[in-house]
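The chains carry the letters A, B, C, D, E and F, assigned in the order they are written, with residues numbered from 1 in each.
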Amino acid sequence: MRLQLMTWPEVATYLERSRGMLVPIGSTEQHGPTGLIGTDALTAEGLALATGEAAGAVVAPTLPIGMAQHHLGFPGSASLRPSTLLALVRDVVSSFAVTGFRRFLFINGHGGNVAPLRAAFSELYAESSFAGVPGEVRCALCNWYEASALAPFVREMYGEAEGSHATPSEVALAAYYHPGQLRPIPLDPPVAPDGHDFQDAADYRRRFPDGRIGSNPALAREEHGARIHALVVGELVERYRTFLAEA
Amino acid sequence: MRLQLMTWPEVATYLERSRGMLVPIGSTEQHGPTGLIGTDALTAEGLALATGEAAGAVVAPTLPIGMAQHHLGFPGSASLRPSTLLALVRDVVSSFAVTGFRRFLFINGHGGNVAPLRAAFSELYAESSFAGVPGEVRCALCNWYEASALAPFVREMYGEAEGSHATPSEVALAAYYHPGQLRPIPLDPPVAPDGHDFQDAADYRRRFPDGRIGSNPALAREEHGARIHALVVGELVERYRTFLAEA
Amino acid sequence: MRLQLMTWPEVATYLERSRGMLVPIGSTEQHGPTGLIGTDALTAEGLALATGEAAGAVVAPTLPIGMAQHHLGFPGSASLRPSTLLALVRDVVSSFAVTGFRRFLFINGHGGNVAPLRAAFSELYAESSFAGVPGEVRCALCNWYEASALAPFVREMYGEAEGSHATPSEVALAAYYHPGQLRPIPLDPPVAPDGHDFQDAADYRRRFPDGRIGSNPALAREEHGARIHALVVGELVERYRTFLAEA
Amino acid sequence: MRLQLMTWPEVATYLERSRGMLVPIGSTEQHGPTGLIGTDALTAEGLALATGEAAGAVVAPTLPIGMAQHHLGFPGSASLRPSTLLALVRDVVSSFAVTGFRRFLFINGHGGNVAPLRAAFSELYAESSFAGVPGEVRCALCNWYEASALAPFVREMYGEAEGSHATPSEVALAAYYHPGQLRPIPLDPPVAPDGHDFQDAADYRRRFPDGRIGSNPALAREEHGARIHALVVGELVERYRTFLAEA
Amino acid sequence: MRLQLMTWPEVATYLERSRGMLVPIGSTEQHGPTGLIGTDALTAEGLALATGEAAGAVVAPTLPIGMAQHHLGFPGSASLRPSTLLALVRDVVSSFAVTGFRRFLFINGHGGNVAPLRAAFSELYAESSFAGVPGEVRCALCNWYEASALAPFVREMYGEAEGSHATPSEVALAAYYHPGQLRPIPLDPPVAPDGHDFQDAADYRRRFPDGRIGSNPALAREEHGARIHALVVGELVERYRTFLAEA
Amino acid sequence: MRLQLMTWPEVATYLERSRGMLVPIGSTEQHGPTGLIGTDALTAEGLALATGEAAGAVVAPTLPIGMAQHHLGFPGSASLRPSTLLALVRDVVSSFAVTGFRRFLFINGHGGNVAPLRAAFSELYAESSFAGVPGEVRCALCNWYEASALAPFVREMYGEAEGSHATPSEVALAAYYHPGQLRPIPLDPPVAPDGHDFQDAADYRRRFPDGRIGSNPALAREEHGARIHALVVGELVERYRTFLAEA
């Protein structure tokens, strides 16, 4: 149930039975020499739409640009400042809440969004906490790449070469949604240098010259993407139902 | 050339020959009892992608949520505050500029975005103006629904029933991109009450009870959308080329 | 009824019969080699005071500095950032509303203020829209230079030499309010280069070297100002009455 | 030398010999049952214009609305939030600085502006301090009502009945600039209750029911205003010259 | 009664008898060649704790970093921008108010905090003033170094050599709280250059090369600190009781 | 090396050999019926001071109030909004950087600070990333309660009764720094209800009625605190040295 393809009376009907919404959020950033710049948004969107289909949930339009200041050393990357992302999420959630939505499950495809999103949720909650009244809105965050159902598959298929950016799993999933987009370009070295400490864009590029972190996305296959899709959607549906059922 | 489906080395190559970018921006808001909530984003995106194809221009991911506070009386609508939209546009443009983009043509599908977007451009320009140095970035705004090529067609097909919100032309264009989405639901009255003065959401809903302004979207046909698409894309391509060529 | 020359009990009495207010807003910016830096504020103020006189309306103090980042290449210009102007207008309107004012007609003398003002109105309306309650405040914008009664006169007197910045009509109107301020200095060329695309201050100065856009303000006469004053005030009075009468 | 009545080439010529500017700032707030709402702005403006005349200094347009949240219990008062006033002053000063102004002496007529203005100056200075470079701009604040030349006159004329808001001295000065504006309305009690601790608007109105603090403005005469004008202008001219001469 | 060493049920019990709180605020900035960087925070904290002890008042944790942009030319200094300090104080006060605190007496050790603190109080009050309702929170500011009980002692002990920054009195008080911290380092000149006009960090360092203003902190003795402590605490206790008793 | 007890020349000397700094950050919030409100700040401070001692590092003053909106249902709790904490950290770090500090290791005692702190670091890095230049500042975060050396001890001593808020380990550590502060008050139930999903203050209090989450702080002993101190400081020293040594 893609919100963009609904009319307002259809949403009104939906709100009679549910107050929940899925909100895909991605990023617009380099994913190594072969990965798509839209990977994080495309995967979050694909997963959210299928989850919405399976769970009968409305899916908001995908927020395509996230917090990716560390990728700005690579052409085509974009970023919001964390404070901008806070304001954006605050407005999106509180405006959807005006007409009755109450539970927002963010399906996130990008690690750099996690801290700003959690901070944004607290910023929202702070409104009622500072007012000394109970709030009506509840937000939750699902980073699809951390789905527990995904880990065994990834370990088996890619082992250490999964890495943590421009991973074969995200590349495979994006390729599943956009067939024909795998670039058969040789990567050098096949497995990128690893690490997890980086600061700004210049520091990132110095440490990870072609943009990948610890990964070999050449291992990605479209058919892996199909499998990842199934594994993650199953878990997301479950997560969403639990979220709605929470007191 | 959808940026989301490019890799960073491909963007690097593109930047050697062009510094331009198309940025579709829409809204998430009611479009009357039969129009799609995503109309403004879907049409801006469809037009931008075709314009990018024809002009060899990179197309940024669509910004799907705009300034639509006056629509918040209808389920499923969302809005950024104008100040949030300013911050968003400032970050999007200036982060794309880090890696070399210089000219940003916004393809806009929503009247409520116009003032905040123009204000955002001035906010961006103010950075260099206050610093007393020449700026490198140039932004322009194209509201597709104001394309001069469009007016005769609209007048002929819909006359007065075009109205100004949930218009048959935008509904037709969205239906062209998403076949099968026209709702054959009777509208009462067929042509909605007209007007152009409205303030907040409660005021808007009072004046325009089903969300439409002056329009009869039941006149929309998918094949009209095809024609609108062709007319507007032609003009947008021209506009983009002129924009790039300006001194 | 200049608010600055009233006492609070007089305002209390006024509020028993009217909730309306006129708010003149101008700019502090170059107006070519011969135009006054205060042109936009002085004209807005002069028109607002006469309109207030004729319509029995309270006139707020003139906001003298607007959004004019593009003029900062010329000595004596000043500017607010659009985001600052949003905050300013939000505070001015909502603080006047505390004691009972409800309808604010801005009399504006400067094109650069239009987008920020419209954005500011939406920012104000968003407060009630996001709260899901009807708002009490209503704002409207009148750009005096767009008065329909003015166009024929301008066309007849100045033709193409009206241009769009440092126009003979605004120079004449300012001279009407401040007799003896016309500078009989030769302009070269008599009619300035025209255009409407400009970005920041450096870009503006490059395109319009002496600050004028398409105008020949040497055509301005004080007696023209008297005529312009009468034409525009008549229309503003009408506009204000309609505004107050709107449901 | 009223900036609003200058042209940009005249300002350019001025800047060759001086980098100084006077900036009058007032407030729009109740001044008791008989005082003018514009008192603080009108007096600051009158003094600044005369000071500019005597000292050969450019005088910026008056900022008419200040920080007066505590007066919002009285009709016709308006206020900026302190944070808005900070942003306003930051933009005004830094935009004037773009074309060469360097020293800004604020002539202030309202106690409520003092803390926000001083904070705004620090906000401006913080830009260079945080950048680790010497700044070019210098601001100073003159509260005209604290002029040392004024104290003996006030003591002699009004004694304790000067009070601290809606004082006879400010009422007299405003009346000097706007003859015929003294309201011969009886005040009850003649001398208002005194105090200096107040918080928000409700608290202020509770403590000072007719708006005055400790004053008897019925003592004001237009001719007192003439004397006050002369005393204060003399001191302001001196202050300005010292300010310009400081290393 | 140091809040940090209480439990929430103990605070609940306290709130049954009092709604008052002491909030020490200092700065982290150079205090000349021999003064401690923490002087302003350490003295505010020491005085607040003793005042709380004597008056039975809860003492909030010390806010250790204030507005000190002018000290950033000296190693180890830190500063908040005034706008940040406004936001900080707004949040601290309004969050403590959620659970019942209503009166906040700030014990301040640093002149640079005064304007931002006063502006912050107005920002807080503006919330209720703009809402048109009476506010519940009341803030007051005590700059301990201005205690009237202190002046005679300081005059007697240090005379002109008290100066206004890195004063012997504040150095003595800090040494009283932290015995053994007096540095017996020769100062050159013994009494620092005086002044009170300074702008940013570069300007400050130029005028006051070793950081002191007009003072000779070599005169400070730990036993002076004991005396200062007693004098000021007495006055603060009185001030706090008056504050609580105000209508 | 507590910065507050240093002079600026001593800091200058320090900066010749090191650019590193430890920044303790805590929170002011309920810690169950027996835990101290200052627990998170007191523990972060105690650990940071000992780490600084062992590693020869300067220790900034403790930031005592963090992001704790969810605790505002319990008396004595305070909170910054996430956006305020972002601004605070941005100013603290960038002002310390003015005089030469480059590496900032935050010693954090509170889970609610994690997302805002990480977001704040990104906000800082975004400055150089958006400017397209390499930044000089590097920040890192150490949540002491996640020290790997701590886990075995906690498991052995408290098992499941460690819980996640008002834990026996943090209560023990605070008691080690402040002997005599353990409250021998019976807890009911001994082990608090567990959970990790909570939103605003009302929701938190509903789920965790006495403030604790899953913990039995009655198990805490001062001597445990001594052991925890030793274990964690050892790890922090190591972490700090690694941080300084990173390329």
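Here is the rule we go by: contacts are C-beta pairs under 8 Å (C-beta built on N, C-alpha and C of every residue); 3 or more make two chains touch, one makes a residue touch a chain.
The structure presented is a predicted model; accordingly, all values stated were derived computationally and were not measured.
The chains in contact with subunit B and with subunit C alike are A, D.
Listed by label, the chains touching subunit A and subunit F alike are B, E. Minimum number of contact steps separating subunit A from subunit E: 1.
Farthest chain from subunit C (centres taken as the mean of C-alpha atoms): F.
To find the repeat of B-C among A-B, A-F or A-E, check which pair has over half of the same contact pairs by residue number; it is A-F. If each chain is reduced to the centroid of its CA atoms, subunit A and subunit C end up 47 Å from each other. Note on chain placement: the centre of subunit E and the centre of subunit F lie 25 Å apart, centres being C-alpha means. Between the CA-based centres of subunit A and subunit D the separation comes to 54 Å, rounded to the whole angstrom. Annotation for subunit F: residues touching 2 or more other chains are 69, 72-73, 79, 81, 83, 95, 98, 129-130, 132, 201.
Pairs of chains meeting the touch criterion: A-B, A-C, A-E, A-F, B-C, B-D, B-F, C-D, C-E, D-E, D-F, E-F.
Of all the residues in subunit C, the ones that touch subunit B in their complex are 67, 69-70, 72-73, 79, 81-83, 86, 112, 114-123, 125-126, 128-130, 132-135, 137-140, 197, 199-203, 246.
Against subunit F, the residues of subunit B that register as touching in their complex are 94-95, 98.
By the touch criterion stated above, subunit F contacts subunit E in their complex at residues 2-12, 14-15, 28, 30-38, 41-42, 58, 60-65, 69, 72-81, 83-84, 87-88, 90-92, 95-96, 98-100, 178, 181, 183, 201, 211.
Contact residues on subunit F toward subunit B in their complex (touch as defined above): 129-130, 132.
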